[in-house]
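Structures given as C-alpha cells follow.
Each of the two complexes below includes chain A, the first together with chain B, the second together with chain C.
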Partner chain A sequence: MTRINKQKPGKIVKPGEDFEPWESHNPVPLPVIWIAVALGIWGTALLLQEQDSKVVAQAEREAGEAAAHDAAEGGAALFLANCSTCHQPNGAGVRLAVPPLQDSEFAKAGPGVVAQILLRGIDGPIRVKGFTYDGHMPSFAEALDDAEVAQLASYVGARFGGGETVLAPAEVAQLRMTHSGSGSWQGGAELASLVADLPPQPPMPATAEAGLDPAISDLIFAGKGDVWSCASCHGGLGQGAENTPRLAGLSQGYITKQLHDFRQGERHNEHMSFVAKGLDDAEIDGLAAYYAGLRVDSTAQPALGGDLARGEQIALQGDWGLGVPACFSCHGPSGFGVGAEFPALAAQQPAYVASQLAAWAGGHRNNSPLGLMDRISEALPEADRRAVSDYLASLPAVPAPEPQAMARIEGGEDEL
Partner chain B sequence: MPITMGLLLALSFVVSLLALAFLIWAIATRQFALDRAHAATVFGKGGADGPDTDGTHLFDTTGIDKVSARPVRLLILGAIFWLVLGSVFGVIASLKLHWPDWLNMAAPLTFGRMRALHLNLVAYGWLSQIGIACMFWILPRIFRTPLRAPHLPVIGFWLWNIAVTLGALAFARGWTDGEEWLEFPWQLDMLLVLAGVFFVVPLVKTARAREVDHIYVTGWYYLAAMVWFPALFFIANLPGIHYGVEEATVNWWFAHNVLGLWLTPLGVGAAYYFIPKIIGKPIYSYSLSLIGFWGLALFYSQVGIHHLIGGPVPTWVVTLSVVHSVMMFIPVIAVAINQHVTVARNLWAFKESLPLRFISFGAVMYTLASFQGSIEALRSVNSITHFTHYTVGHAHLGAYAFVSIVMFGAAYHIMPRMMGREFAHPGLIRLHFWLVVLGFAIYFFALTIGGTLQGLAMLDATRSFAESVILTKPYLEARSVGGTMMTLGHILFAINILGILRKPRAVAQSAVAAE
Partner chain C sequence: MSSEHHDDAGQGRSAKRLIFAAGGGLALVAIGALMLEAGWVPGWISGRAPAPDVAESAYFQPPSEAEIPDGPFGEAVKRGRDIFMNTSTNAGDYVGNGLTCANCHLDGGRQPMSAPMWAAYGRYPMYRAKNDQINTMEDRVMGCFTFSMNAQHSVAGGPPPHGSDIYRDLESYFYWLATGAPTNVLMEGSGFGKVAKTELGYSPERGEQVFAANCAVCHGPDGQGQTDANGRIVFPPLWGPNSYNWGAGMARIDTAAAFVKNNMPLSQPGKLTDQEAWDVAAYIDSHERPKDARQGEMTVEQTRQRFHDGDETYYGQQVNGALLGVGTPGPERPVGAPELPIGPTPLE
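Right, the complex of A and B next:
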C-alpha cells in the first residue's frame, strides 16, 4: 500500500489481472461483538416481553373478573353497575324517556316481577306512574347469573317498591326456565298479565314495517335511479357498521336536518351529498320517520382501544380542565339524544363517532348548532376522542321517544 | 411461569444465537478440519505482498473468461434491455401519480399494470439476469477453473427471457397471480424455474470441479443464493396451497426475502469480489465475512413479516420478525467493515477506477439501506412509514442504489476484460454515474420526506385523507424528475455497453491507461 501511495499521480500501478481476492485474518473488532451481544439481549428481552404482555393481560382479565364477581355481592353495586345509567342512581328515571323505578307499579309488585323483567327485557310502550314510555329495556339474562338476578331484583323491590320479599337464586333459575326463549315483554300490555291492578296499558303499535310507504321502502332497500339504497351501507336495520353511523332511533328532526345539510353542502361527505341531492323533502321526512321509529339492538362495541373509564368520565362529568362539558349534559342521560339538535349517542358505531369528532376538530364538519361540537372536539386529545367513542359504543341502544311524546314536547303541551 | 409462545420464542432465539456464535467461532478458528491453510496459501500467491505489477493488460491470462464470455455477454445484454424498458415503465407509473389522467385510454396503460410491469421487469429481467451474469463471470474465476457445460446457460438465457416477455404481456393484459412480487402467473413460473435449472447446473458442476479447496466469500453468497431463491420461489408460487392470512404471510415472507436472500447475495457477492479485485488488496477479515454471511442466513429469513405490522397475524410472528430485522445490524456491520475498510484504505483506487466508484457507492448504500430497514421495522417507526411513499424510497435504496449500482460497476469492469478493449468514451461512464447518483438522491430524499409527512398526516384523524394525498404532490413530481434522470443514465449505460461490443474503426488498442 505504501508503495502505491508513493506513486506519482497518473503513474499508479493497478493490480494485476491474476490477482483474485482473498480474506486476511484480522480479528473481529471488539465493538462488533459488543453490538452483537447487546442486540441479542435486546431481541431476547423483546420476545420475552411478548410473553409478559400476555401474562399481564391474563392477570388483568382475571383480576377484572374477580372484581366484578366481588362487586356482585351487593344488590346496590349491581344496581349501580347495570341500572343506574338509565334509571338514574336514585331510581327517578328520565322524564319521557326512562320510566322511574321509585314507587313504580312494577317495583311494588315485588322482586319476582322485577326478575322476570330483567330476564326478558321490554320492547313496547309501557305506562308507569301515569306517563307512557316507549319501553326498550335490554335483557340481562346473559349478563347476570341467577344469584345476581336474585340479589338485584330483591334490592330493587325493597328499595323502590318498599317490599320485603327476598328472592332466592333457585326461584330465579325456575323463572329463567319458564321464560327461556320467550323474547322481550311486548310492552305494558303483556306485562299486565304479570302484575295485578295495573292501570290501563297502551296497546302495542303496529310494526314500523307495516306502516311503511312503499316508495320509502324502495328507497331504503332498493335505491332510486342513481341513488343507491340506504341499507347498502347503513345495514338492513339501520344499525350501521364501522364508519357508517347507526340511524335506528336517531330523532326524526336530527336525521332530517342532516340530510338537508348534506343536500345544501353544509355537511360534507361525498357519498351522502350525492344521495341527499337525489331526495326530495317528502322522501327525507319519510326516511327520517322510518329510522327514528326503528328499535334495533346495539351492534356497536368498543373497537378503538380507548380507555373506557376515561370515556365514561368524559361522558358523565366532562373534563373541565380541558373545558369539555359532559356529553350527557346535552345529549341526555345515557346519551339518549335530546330533540333535533342533540342526537342519540348510545350504541353509536365508535369509528363513526371518533371520525366525526376528528372532523369537527379538523374543521371538516361544521354544522353543529352554535359551533358547540367544533370547540369541544378541538379540546379533546386524540386518545380522549377514542375513549369516549368506545364508551358510548358500550352503552345499550336507546329507545326512540314515542312520537306522541315528541309532539307534546314540541307543542309545549306537557302533561306534567 | 407458564410456557407460552413468548418464552419458547425467546429460548429458541437464544439457542440459535449461541449456535451461530459457535459455528462462526468454530469455522474461524479451524475447529473442524477445513481448509484455512488454503485460504492463506492458495490466494496468497501474487496477492499477499501487494499487487502484481506486471499484469496490467486486460487480456485473460487463464483462458477461464473465454469460456464464460458468451453466456455472460448474452445475460448482460438481456438485462440491459429489460432495465431500459422497466425504467420507462417506472417513469410512466411515477408520472401517473401526479398526472392521473395522462395515458388512461387503455387498460394496459393504467397505473396498476405499469407498476407491475416496472417491478417485475427490473426484478426478474434486469437485476436477476445481471446478477446471474456476475455469477457466471466470478465463480469460475474464484474456483480457478473454466465454466462447465457453458452451452446450458445460453439455453437458460433464452428460456428466462421468453418467460419475462410472456410475463410482461400477461401483466399488460391484467393476468397476474394477484399478489405483489408474485405477479408472474404460476404457469410462467414453471418456465422461470426451468430456466433456473439451466443456470444452476453448470455453476454447481463448476463448483464441484474447482481447483481450490477454500471458497472465497463471494462463492458462499452465490452458492447459497442458488439454494435460497429457488426454495423461496417454489414455496411461494405453488398454487392452491396458501389462503387468507396465511397467504399474506407467505406473500411478504417471499417478497422481502427476494431482496434479502436473492438480490442481496447477488449484490454483496459482487461487491465482495470486485472491491478487492480492483484494489488489489485482500478484504479485511475472514471472521467478519463469516459473521456477515451466517448472520444473513439466520436472521433474514424471518424479516418479511414486518410488512404485516398491525395486520391480522399472530403478534408473536410480527415480534419475531421485528427482532430479526433489527438483528440484521450484526451481519450488515460485519460486511460494512470488511468492504468499506478495504476501500477507505485505498482511496486512490476510488479516484482511479470508474467501476469501483459505482461498486463501492453501491456497497455503502447496502449499509445504509439495511440500517434504515432495521429501524423501519420497529413498530413505532413503521406505524408512520407503512403505507406511504417512504417505503418506496427505502425499497429503491436497496434494490437500486445498492444492487443496481453495484451491477453497473460490475458490467463496466467485466466488459473491457471480455472484449479485450477499453471503453472509448469514459466521459459517458462518468455522466452515467452522476446522472444515476444525483437522480437517485432527488428520488430518495423526495420520497423519504414526502412519505414521512404523508404518514404523519394519515395518523392525524383531524385531517382528511385527501389532505395526506395532496401534500405528497410536489414530492411525487420530484420523484419523477429523479426517476427520469436515472432512466437517462440507463440509456447511457446501454450506449456504453453496446459501444464496446462494436469493433472500433481504428486499430484496437490493446492496453490503454485509464479504465
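Right, the complex of A and C next:
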C-alpha cells in the first residue's frame, strides 16, 4: 500500500527534490482475511460434498439399474422402457391413435415380423384388429442392439401374440443387414408382404412428388452469400450435435416461428440471428418444410450425467410438487411434438435442451407462449434439467411423415 | 538487537492475527451456513429451488406409483390407473368422446383443487341433489361416464352397468390413492375449489378475449384441442361433439370457472383473475355440445326446468340467436365402433 505524505487541504506543498515516496507497513485488514479464509473453507467443503454426491449418485444409479433389472428382466423391461408410452403398459394402445399389440395380427405373426417392424418403423396407414391407424412409428435400429431387439421381439410375440418362438440375436443381425437403408415400412400395405393371411390393408395415400427446390437445397448444403449453410452446423441430415439442435422432424410451424423470432430479435443467438436476417419468408417456409419431413435416426445420447429415472419421471409424470407438469402433457405423449408451439423433444441433443432450459430460467430466452417454459425451467433444479435432457436424448427420433421424393437427398447421406 | 526484539513482537502479533483471522473466517462460514439452512438466502444466490408450496401445504399426500403393492389388489390398482389415464381405450365401449378421467382430474387424480380422488373417495356414499338419491362411489363414477365421457354416443350407448369390473378397478385405484385419508371429512384441496362471484358478473364476450390470450395456444383457437402425429389427443376439446355433454359438472359455469382458476393454464394455476376465470368459463360453456344424456323424450325447456333450474349455465338459453342445449349431431356410428372391412363389398 503506497501512500504519499498527507497534505492538509488548501495548503500546497511542493515535494522537495529529495522527496522519496515511502511505504508504510500496513497489514492486510482482518475482514479481508476473514472472507478469504471463509471462502477457502467453503470451497473445500463444496469440493468434498460434490465428490461425495457423485459417489452416492453413482451407487444409487447402479442400485437402481440392478433393481430394475431384477424387477422386470430382459424383454419386459425393454418393453416398458421403449414401447409402453405409445402402446401402453398393457399393450392395448390408444383408441383411434395407436394400434394395440394385444392379439394384433402382427404380434401373432411372431418375433421375426415384430423385429422387422422395430428395425424400420412404420410410416403409413395400417389396419389392426379391424381399425385403421395413421401409423407413425419410429425406427429402433439405432436405439437397440441385436440382442435387445431379439429379446424385445420375442417378448412381444409371446406376451401379445401367444407364440413361443424365440428370436436369436444372430437372426436379428441378418434382418438388420437385409433391411439396412430401406427406410420405414410404408404402412400395412407394404407389411402385407411379410405377414400371411393379413386382412386387407389400406392403400398408401399418393405422396406428392415434391422435389426439393434447388434454391432451398443450396441454403441447406451450400449457404448463400455471407451466410453459411444449415448443414455446416446442424449436420447433413439435420441431426444436430452438442449445443446445436436436431432439426429433423420438428414441425414446420415451430421451425418457421423460431426463424422469424431470430430474425425479429424475439429469440437471441448471434449466429442464428445473422442467418435468419438473410432469409426471406419463402426461404424460411421451404427450410421448415424440408426439416419437418426428415425422418432421421437419433444421434443424441445421454451425455450430461443426468439421472435417467428422474428424467423419465419428469417427462412422463412431471413433479407437481414443484409445479411442473409432465413434459409430455404438452409436447405429446411420446415427445413427438404438438402443433407449432410445442416442439418435438424426442432425440433432441441433450446439451442443447439443457442450455435452453437454463436460458429460460435465467431470462435469456423468452419466446415461449404464455411464458410457460420460463416458469417451468425456473422451477426445475439444475440436476433435474440435466436429468430430463438426458432422458429425452435416450428416446427414438420423431417418426416424421416422410415425403418420399424429399427423403433421398443426394449428398446428405455421406455427411452423417 | 532491536531488530530481534522487533521480530519477537512481530511474531506475537502475527500469531494473534492468525488466530483472529481463522476465528473470523470460521465465524463467517458458520453464519453463512446458518443463514442458508434457515432459508434466508435468496434462491438466485444459493442455487436452491424455493421450497415448493404444495409440499409445505397441508394437502394430503397420496402414495407414489412405486408403492403399488404386488398381488391381486395391486393388479386391480394398476388396471384402475390404466382406465383412469387412458379411458377411451381401456373402457372404450363406454366413452363417446375422446376424453379421459385424467383430463380434468390432473396428475392421475392426485392434484389438489383438481377434484383429487384421495379427497373424493372418503366422501361417498353421499346424497346428491343432482339425482336426488344416495350415491355410492359407483353411482358417482357412472355419472362421469354418462355426462363427462358422453357415454350416449359410445358403442354401449351408456355407462358401464352396475357391478362392472371397470368400477371395481377404478375404485381400487381411488381407495389406494386415499391410503391414510380420513372418511366422511371434507378435505383441504377437494373438488375444484370455488371462485367468488364478481361485481361485473360473467360475459362470454370478455371471455373470448381471455380465451384467445391464454387458452388457444393449447386448446386451439376453435377450442377443439390438438393431437400429436398419431392423432392421439394431447389437449382435449372443450366444446363440440367430442367434448363433455350438457349434463356434465363442467358445463356449469361456476364449476368450470373454479377448475380454470385453480388449474389453468397448466403449470400456472392462479394466473387468471377471478373475473377472467368467470368470463372464460362463460365463453367455453356458451358453445353447443352433446345433448344432456337425461333429456330423453323431453324438450330442452322441460330438461332445463327439471335438471338445470338455478344452475349457472347457458343450457336452455338463447345465445347469439341460437338455443343452447339441443346438442351436437350424433355420430353416424357409435364412437369407437369397429370399421367396415376393407375391400370389395360382397355381391348381394
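Note that in this section the second predicted complex is superposed on the first by the 210 of 416 C-alpha atoms of A that agree within 3 Å, B and C clash if a C-alpha of one lies under 4 Å from a C-alpha of the other, contacts with A are read in each partner's own complex, and residues count from 1 in each chain.
FYI, a contact is a pair of C-beta atoms (placed from the backbone, for glycine too) under 8 Å apart; a residue touches a chain by one contact, two chains touch by 3 or more.
This one's a predicted model, so the numbers in the text were calculated from it and none came from an experiment.
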{"item": "Partner chain in contact with A:Gly40 - chain B first, chain C second, else both or neither", "value": "both"}
{"item": "Touched partner set for A:Gly278, first chain B, second chain C, both or neither", "value": "neither"}
{"item": "Chain B versus chain C as contact partner of A:Glu17, first or second or both or neither", "value": "first"}
{"item": "Which superposed partner A:Pro169 touches (first chain B, second chain C, both, neither)", "value": "neither"}
{"item": "Partner chain in contact with A:Pro27 - chain B first, chain C second, else both or neither", "value": "both"}
{"item": "Partner chain(s) touched by A:Leu48 [first = chain B, second = chain C, both, neither]", "value": "first"}
{"item": "Partner with the higher number of touched chain A residues, chain C or chain B", "value": "C"}
{"item": "First, second, both or neither for A:Glu382, with chain B first and chain C second", "value": "both"}
{"item": "Contacts of A:Gly235 with chain B and chain C, given as first, second, both or neither", "value": "neither"}
{"item": "Set intersection of chain A contacts, chain C complex versus chain B complex", "value": "27, 35-36, 40, 42, 382"}
{"item": "Residue numbers on chain A that touch chain C, as the complex places them", "value": "27, 30-31, 33-38, 40-42, 86, 88-90, 92-98, 100, 127, 130-136, 199-202, 317-318, 320-325, 329-330, 332-334, 336-339, 341-342, 369-372, 375-376, 379-382, 398-401"}
{"item": "Touching residues (chain side chain C, partner chain A) in the complex", "value": "17, 20-22, 24-29, 32, 47-49, 52-55, 65, 78-79, 82, 86, 88-90, 92, 95, 98, 106-108, 110-111, 214, 217-218, 226-235, 265-269, 271, 336, 338-339, 341-343"}
{"item": "Touching residues (chain side chain B, partner chain A) in the complex", "value": "1-2, 4-7, 9-10, 13-14, 17, 39-40, 42-44, 46-47, 50-62, 141-142, 144, 216-218, 272-273, 275-289, 291, 315-316, 319-320, 322-324, 326-327, 329-330, 333-334, 337, 345-346, 348-349, 352-353, 417, 460-464, 515"}
{"item": "In the complex, chain A residues that touch chain B", "value": "1, 3-5, 7, 12-29, 32, 35-36, 39-40, 42-44, 46-55, 354-355, 358-359, 361-364, 382, 385"}
